[in-house]
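Here is the structure we will look at.
For clarity, chains are labelled A, B and C in written order, and residue numbers in each chain start from 1.
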Amino acid sequence: MSGAAHTLGDLAARFGLGLRGDPAARIDGVGTLAGAGPSQLAFFANRAYRAQLPGTRAAAVVLREDDAGTAPGATLISRDPYLDFARIAALFERRARPVPGIHPTAVVDASASVDPGASVGPHCCVGPQSRIEAGAELGPGCVIGPGCAVGAQSRLVARVTLVERVTLGRRVLVHPGAVIGADGFGIAPSSAGWTKVPQLGGVRIGDDCEIGANTTIDRGAIEDTVLEEDVRLDNQIQIGHNVRIGAHTAMAGCAAVAGSTRIGRWCLIGGAAGIVGHLEVCDRVTITAMSLVTRSIREPGEYSSGTPLQPRRQWRRNAARFGQLDALARSVRRGNQEPSDD
Amino acid sequence: MSGAAHTLGDLAARFGLGLRGDPAARIDGVGTLAGAGPSQLAFFANRAYRAQLPGTRAAAVVLREDDAGTAPGATLISRDPYLDFARIAALFERRARPVPGIHPTAVVDASASVDPGASVGPHCCVGPQSRIEAGAELGPGCVIGPGCAVGAQSRLVARVTLVERVTLGRRVLVHPGAVIGADGFGIAPSSAGWTKVPQLGGVRIGDDCEIGANTTIDRGAIEDTVLEEDVRLDNQIQIGHNVRIGAHTAMAGCAAVAGSTRIGRWCLIGGAAGIVGHLEVCDRVTITAMSLVTRSIREPGEYSSGTPLQPRRQWRRNAARFGQLDALARSVRRGNQEPSDD
Amino acid sequence: MSGAAHTLGDLAARFGLGLRGDPAARIDGVGTLAGAGPSQLAFFANRAYRAQLPGTRAAAVVLREDDAGTAPGATLISRDPYLDFARIAALFERRARPVPGIHPTAVVDASASVDPGASVGPHCCVGPQSRIEAGAELGPGCVIGPGCAVGAQSRLVARVTLVERVTLGRRVLVHPGAVIGADGFGIAPSSAGWTKVPQLGGVRIGDDCEIGANTTIDRGAIEDTVLEEDVRLDNQIQIGHNVRIGAHTAMAGCAAVAGSTRIGRWCLIGGAAGIVGHLEVCDRVTITAMSLVTRSIREPGEYSSGTPLQPRRQWRRNAARFGQLDALARSVRRGNQEPSDD
């Protein structure tokens, strides 16, 4: 999409939005409420930024009907301003698509197949029996091991590794540094030390998934690790072997899921949250940031663990009492008001 | 090892297992209890999967004597089914070993030494004074900086970086994206800003260690960061400078150890657990997932911190009380049952 | 700087330190209190190592005036021994600077500009409209996307990715595996699934910043993600889109900051600490390891969350009580000493 301008009238018609203002006004980019210039479009969806709405210099603001009165200028009325802004902003995104073909510095195994409409960038490797489908893009420095498939229109931005037996669906977007299909962490102890458990499975990633930078998804021990379609993983997430994640589930940065856990559809996993192994989490569960899940969750809803942040001196006193909490509760229960310090 | 089949009788003899069933039955792969087909071997070790045992279609199941009665078909009797399954599964693992030699796209410094039996893959770099020993494998895109050594039979899967003064023992396995030997995080403050503390040490990794994908191990400030033999690190682990980890210790994904801490032998560090700097943790300590260690541990055993997951509404009420816990305890102690809200 | 020796007298004069001992004594390296040999210099700053001071074999020790009496040999008296040791140790650091120029295996876009005094290493890619300034060093395997700039004297150690619209100031040091400028995690839900929000901003990194191994810093959705000068980030840190971090702030390994949060100057963020999105943290705030910040912080000081580590059996009893804490507090308040178990 070129950087050409769009009129407010065009945008309203194209995305089915109400327009209050001049349909001929030209928009040549997007901005924040505080930063947008007079030919840019802004949006208002998060009430935390309410104070910025009246003063915006934006040409127009995408917002809910109820908020339209507060905007100083033109408005595009939306039931879901964030979603409609996302769609409009995509018109102003510019990215040069690479020329199809295999860069001369890439190393492609003779048994691999690369569609002529795919692009394999500089310093990539494509291993035996792997398949790169039409319109797929491998940016610089990607390593595709043996037995992998990259579906049509998928994009590996740069320096992505698919280790072994990894299948990506269509339109999958993988950010730099992600490692998909490394050995699951399977080790069996004996008195002499650890014995490695072979990791004979693979990884299957559904259509329209997004995998963040430096995220790792291990391949299964026996069967596959699976992400269903439209799963969205932020950066530095760790997914253990044999995990299954349901469609449309989104996980924020640094979350981690241990092996063999199954997560449902439309879950929202907060940043740095942890889910231990061999659990089941049902559909539409929200886990807040840095919470730890140690049991299966069978009811949709929002879950948390942890304690609130406090000034350290206060926190230290309260934390010390946490270590005596059972004694305190027993003391209260006994009607004995002196907690024992055991 | 090729994909040739093995008979149950062969497997029993080779691994010293009891056999109940037809010794001539042929096994051509492994599977899960739920998924194994009639020519595959399964195992039963984790009681969470007990319900799947009676219905398995597997040709045979590796399990403990006590569980043999529940299996519907042939069994291989083991004292340690997970360990024996690991050994058997290795027979069915297929991996093409790379041809020894240096790939033409690799860049090897004139002062480096690469054993003729080692393999240096596409787009690797081997820096000055570094040494790659017999049978070692560098997969695509590995960067070996100056003064490093990769021991015999070690394998760097792909895109591994050994930054500087890193020595790997024999049979070390390093997964993609791992960075070993980057500068430790040493900075000294002054009123003008931070001054970097030179990181003059290295990293020594013992024989038979495994280092997960995107794990980072910094080199020492003065002396070396050390992993003794058979240490097993999962993905995205962070090991600070001058840490020492004892033999056979295993750490799950996303765990982190701050600088100069010493961890004993045979410890088990749970996922995303943290250990702050300058501590000592003795042998055979288990830390559960997402726990934080802020003091030295001198007694073997299992340790935890954190609070249990709850539905958010309940959690919120309890968490608010955590902030008043000291006041509550004092109130109980005083016999005054009204906690002050200071 | 070569490995030539320095005399104690030279060092004292050069760094303005008091000297007690023979000014002609030659120092050819640095060591720890416990490990330094008789021609090496050690330092004493952290009282945890007090017991090692009297027995040190070091040629001299850098320490505070008050501690000089405890040292067995020569001393260099400093107000800030760690800082002065850092400066002295830099004299003993040896690193071969790469020859300026573009390695023949590197791929540089015709529209990129590389200063003749810069060095672009093996298997690097430099994208369209990007600029590498004088004295900058790109180690092996770095990928510089379109529209990026690497300031003078900055160093990308190896396998660093600058994805798009990333500007590094001068003397910035970036460790292997870091990914700067990947798409921020912006997704808008609808009943049909997630819609990606275009990430149209960039990243600006100030002079003298340091970015650790495998750290990720996303580019802004509309405006830029910003690190002011002299920000120091350890390994595996995650910085969300549109975050702004003030000058001289330092963050320890595995910390994470969610989108649009602003952090002040001279803050210290502990290892694996988390800060949720859309907050403000004022100057000179310290967050201890693994604490979670969920509200803006407007007062300088030290803050914590979490509970102390305990042997698991004790922890389990106390943690169970945490889940009843509100009921317990109500029970105390009511003068009813039987907490209800709702």
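A few remarks follow.
Everything below uses one rule, namely that a contact is a pair of C-beta atoms (placed from the backbone, for glycine too) under 8 Å apart; a residue touches a chain by one contact, two chains touch by 3 or more.
Predicted, not measured: the structure shown is a model, and the values here were computed from it.
At the interface between chain A and chain C, under half of the residue numbers involved are used by both copies, so each side presents largely different positions. Its C-alpha atoms fitted onto chain B, chain A is found rotated by 120°, rounded in steps of 5. Chain centres here are Cα averages; for chain A and chain C they lie 25 Å apart. Across the assembly, chain A contributes 105, 123, 141, 159, 177, 214, 236, 254, 272, 290, 306-308, 310, 320, 322, 324-325, 328, 332 as residues in contact with two or more other chains.
The residues of chain B lying in touch with chain A in their complex are 30-32, 35, 46, 48, 80, 82-83, 85-87, 89-90, 92-93, 96, 103, 105, 121-123, 139-141, 157-159, 173, 175-177, 208, 210, 212-214, 229-230, 232, 234-236, 247-248, 250, 252-254, 271-272, 289-290, 306-312, 315-316, 319-320, 322-326, 328-329, 332-335. The residues of chain A lying in touch with chain B in their complex are 105, 107, 123, 125, 128, 141, 143, 145-146, 159, 161, 163, 177, 179, 182-183, 185-190, 193-198, 200, 214, 216, 218, 222-223, 236, 238, 240, 254, 256, 258, 272, 274, 276, 278, 286-288, 290-295, 299, 301-308, 310, 314, 317-318, 320-322, 324-325, 328, 331-332, 337-339.
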